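Got a structure for you, written out below as structure tokens; questions coming shortly.
So that you can tell them apart, the chains are marked A, B, C and D in the order they are listed, and the count of residues begins at 1 in each.
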Amino acid sequence: MIKLNPHTAEKLAKGVIWTVALMVIAVLIFIIVFILYRGLSVINWEFLTRIPRRSGREGGILTPIIGTLSVTLLAILIAMPFGIGTAFYLAEYTKDGILTRIIRFCTESLAGIPSIIYGLFGFIFFVQILDLKWSILSGGLTLAIMVLPTLIRTSEEAIRAVPKTYREVSFSLGGTKWQTIRKAVVPSAIRGIVNGLILSVGRCVAETAAVILTAGVSLSMPKSVLDSSRTMAVHFYQLVIEGISMTNAYGTAAVLIILVFFINVVANMLINRFVAKGR
Amino acid sequence: MKHYIQVGLLSVLLLSVNLLSSCMAGKAHGGLNPTTVIVAGSTSVQPYVEILVEEYRLLYPDNAVGVQGGGSSAGIRAVLNEIAEIGMSSRALNQEEKELGLWSVEIALDGLAIVVHPDNKVENLTMEQVRDIYSRKITNWSEVNGEDRKIHIISREEGSGTRSAFQDLVMGDEMIAPRAIVQNSNGAVRQLVSSDRNAIGFISLGLAEPQPGLQPVKALNLDGFSPTQENVLSGEYELYRAFLFISEDEPTGAARHFVSFVLSEEGQRILSGEGLIPAREMALTGGEGVSDEEV
Amino acid sequence: MNRNKIIIKDLNFYYDDKQAIRDLRLNIPANEVFSVIGPANSGITTLLRTLNRLCDLTPGTRIEGEILLDNKNIYSEEISITELRRRVGFVFDVPTPLPMSIFDNVAYGLRLVRRKNKKTPLESVETALRQAALWDEVKERLKSPAMSLSGGQQQRLCLARVLALEPEVVLLDRPCSGLDPISTAKIEESLTELKKQVTIIISPHNTQQAARISDRVAFMLDGRLIEEGANIEVFSSPKDKRTSDYITGRFG
Amino acid sequence: MKKFKEKLSGRIFFILALSTISALVLITIFIFVEGMPLIAEVGLFNFIFGMVWSPSQGHFGIFPMIVGTVSVTFGAALIGIPVGICCSIFMAEFAPARMRSIFRPAIQLLAGIPSVVYGFWGLIYIVPIIRDRLGGPGLSVLAGSVILAIMILPTIISISEVSIMALPRHYKEGALALGMTHWQTIWRVQLPAAKSGIVAGVILGIGRAVGETMVVIMVLGNAVALPESILDPVRTLTTNIGIEMGYAAGKHQQALFATGIVLFILIMILNITAQIITRRKSK
């Protein structure tokens, strides 16, 4: 190896790192512009509010939008009590022990399991054994399990970030544990918890593999949570893989990116407000 | 803080409205048509059935039909597991499935087109050449009067009706080479062939036609016969298979109503307009087409 | 001589293996200001925290002995901890406002008690803030966040929050550390006023403060009670050499 | 009454906390129950080392897919790890505050974009480039590696950055005070100190690459054969499930669940390794 002068090395390393970082940003911008450039011209009011016709070659993406909203909403509503409850249990109700270690292990493991495995499980368990068929409910339940780790981790962090003094004050004034959590901890942790919820929403919106096996791909307007409906991500996948319409595929992708962007901005605003409010 | 509570309440409200409306919907339809008829299976048949459903919905707005993909085998299994009322298959039932005593009806015939990139010089292949290409005995286009380029073979995945039809009609006992690229829909094969000069694939005949917004592909003649509806009907173009609807027993109620629609003149006209060949016989007992009593 | 509000009998307290309080016996009379002085790590904070069982919150602690409040052991089974903590209030060494409005801070404890008598706690809040000598400064902006107050105001707010519950005993753990002299003076003033109604146990932030405000003084060192007596006695003629060393500033 | 409420709330939280345990147990049970019979029938060795996958003819060998998974993941790691670590050093050390405030949300956005969108981009942008410039069908190990490398960047960057930022200030200050240049400090002091965090991030990133499905279906070509070069199409374990699940019945379906078992075990090994490393770090 050639021994470099430390200052040359410094310059070289700095140069390389700047280049790589800027390239990553460039690639990111390129991908987004690439999709948006072709997609934005497709998006108009009609595209958003019309039911897809001829497998999505014509018409809009109203049904997939409704599918995405309902599957996501359902998943979050189901995951919320479990995720936040677990976070409170871990942060407030227990000391480190075997049980917490097991819970933590399971949470971390769930976080690493690929979505296709969730899809397999959801298909066998919810679709077949519980006989919910391909439905918004099956999809929502599957996604709920999938986002559980995200929700637990972010909520637990938010709860642990609440200063210890708040709890002591509340206890010292005669508060019970429950009152203390409800009145002193929750108000301070709520922003972090909401941020976790938003991250989970993002994951649900973006998921394809798990929902395609559980919520199905029906293009009909769902009448209830027991009906199948495809989400936007699945619709996009179908448009591309079936070669139905590249134009509408770009349009759907653009809507997805804008939605994800919007969700991220909301999350960031919340984080910023959270940080700004902290001491 | 209050804001979040409001959002939360709103979501709960929305959900309960949804649940409530689903109960209501179930009630309103009542006896004959309590739930959505689910049609599931072959991705080859799926796009056509989706179009049929759109038309059907215009005629009978109260009858709900949902279409799922999954593949021919999945469709048959979905019927057996009672996940779906009707299965779609793009291949004949195999022995095992026949023994289960499933009910089936042919809804249309579909030719299989051997497609290549439009710039490919090759116009015609024999059945044997196709077989040799897919078993990789022939690996260069120059061996079949084309340019000196490697052949990229594109196939469908295990379980696909189109693949099993291709296997039966073309390959016989030969195996499709494992090195073949596998795509899981007609559209994906078409997309790939349209963008790769060296590729060859097989897709549903209806999809081989030029499509608005998509790159074209070229359908090859087989043993000198072009893949047209006429040549399929006359038996000169040998690559075709039947699209089937499958059910546990002969369908009744809402499911029967939809099947009748598909087999009616109107339904067959729609399929024919999409490039399929009308079914050879309409084998739904108890009258053809849609009668008003059944609605 | 007043009757004893709190009687501590042979108190020993451990954090895991470390002993923080050793064989402590102490009688604290009612309606007086009782100061506990001593260098850092003498077990004073621990002692205060045992008196309303805040020490229960720290995992791995162990307590021996008895603490009688009005002749009832506060560590016995029949005592409700929440009830006890309402009777014995605690003011921390740093201001600890909760992230809510001034009004909500003071009303916090009241709202924990019961929701059935839905009377607006406005009067109680006002009384408490007056007792803590804060009312005039905040009466115009009860709805603004407590964090917007100055440090001294925040600490008085914390005192008001405790007083709103009308406790019998108030524990103050170095309440004036880090406060400006004016705020300190205001707090001392209100304590002198308060002792008519409540018993006050304070760990002052220096001996001068102890001398200014207390009726009785206890000196602790290494978890042991060294000396205890009336203010003047202890400060003018300490019996133990260590006490006099501490008071004259030779260590600590 | 209050005591009751107190106990009840604790109980409820406890029960809710069991949800993750039951979820993991349920998932494990169902995947294994569905898949084990086939492995038992075919034989573990034949299943894992079998070269032919043709369920309709009764051949269930997934070795080409294991090789596919490993090669694509390796390729993604080869590109993604150095780039990811560079980016995390950039964020933690070099980026001006303003830039960091753009970079971080940008990386978050990168993580939030649905993976199918990346697959699509790869299919219509990367694949033709590979086909036209390098030859082969374009759908290839290389295409998959490039796209997956982009996809695992956010995981590697965020975890590595956090572990570099979390180092005590005096590490850096001490080194600088000894006259080391900024880069020497990073290379000799900060990176070694943050090693376990970075390694954990890398392992989690690799886990993502192994588990990704839709993207690889779109750009890998899915051929069930051992690749001879990085321009050959391959199939991964996830693609095998994703592409054939809908079509499978009977033994074929069991075989896909059996593929799921192999994938599951692979992922759990990666997970547990990452957990052990992070735990050791926190001690």
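We take it that contacts are C-beta pairs under 8 Å (C-beta built on N, C-alpha and C of every residue); 3 or more make two chains touch, one makes a residue touch a chain.
None of the values given here were measured: they were computed from a predicted structure.
Counted as hops between touching chains, the shortest connection from chain C to chain D is 2. Looking at chain B and chain C, the chains that touch each of them are A. Nearest to the global CA centroid, when each chain is reduced to the mean of its CA atoms, is chain A.
At the far end from chain D, in terms of centres built from Cα atoms, lies C.
Per-pair tallies of C-beta contacts place A-D first. Chain geometry summary: the mean Cα position of chain A and that of chain D are 17 Å apart.
Here the CA centre of chain A is 33 Å from the CA centre of chain B. The mean-CA centres of chain A and chain C are about 48 angstrom from one another, to the nearest whole unit. In chain D, the residues that touch at least two other chains are 2, 217, 246.
In chain A, 176, 187, 240-241, 246 are the positions where the chain touches two or more neighbouring chains simultaneously.
Looking at chain C, residues 82 sit in touch with two or more other chains.
Annotation, chain-chain contacts: A-B, A-C, A-D, B-D (touch as defined at the top).
Interface residues of chain A facing chain C in the complex, by the touch rule stated above, are 95, 165-176, 179, 183-184, 187-188, 277, 279.
Taken in their complex, chain D has these residues touching chain A: 2, 5-6, 9-10, 12-21, 23-24, 26-27, 30-31, 34, 82-83, 86-87, 89-91, 94-95, 103, 105-106, 108-110, 112-121, 123-125, 150, 153, 180-184, 186-187, 204, 207, 210-214, 217-218, 238, 241-242, 245-246, 256-257, 260, 263-264, 267-268, 270-272, 274-275. Residues of chain A that touch chain D in their complex: 6-7, 9-10, 13-14, 16-18, 20-21, 23-25, 27-28, 31-32, 34-35, 81-82, 85-86, 88-90, 92-93, 102-103, 105-110, 112-121, 123-125, 145, 148-149, 152, 176-178, 181, 202, 205-209, 213, 233, 236-237, 240-241, 246, 249, 253, 256-257, 260-261, 263-265, 267-268.
Across the interface of their complex, chain B is touched by residues 53-55, 57, 70, 73-74, 76-77, 127-128, 131, 133-134, 187, 190, 194, 216-220, 223-228, 238, 240-247 of chain A. The residues of chain B lying in touch with chain A in their complex are 1, 4, 11-12, 14-15, 18-19, 21-23, 25-26, 35-36, 38, 40, 43, 46-47, 50-51, 53-54, 57, 64-69, 81-83, 183-188, 190-191, 207, 211-214.
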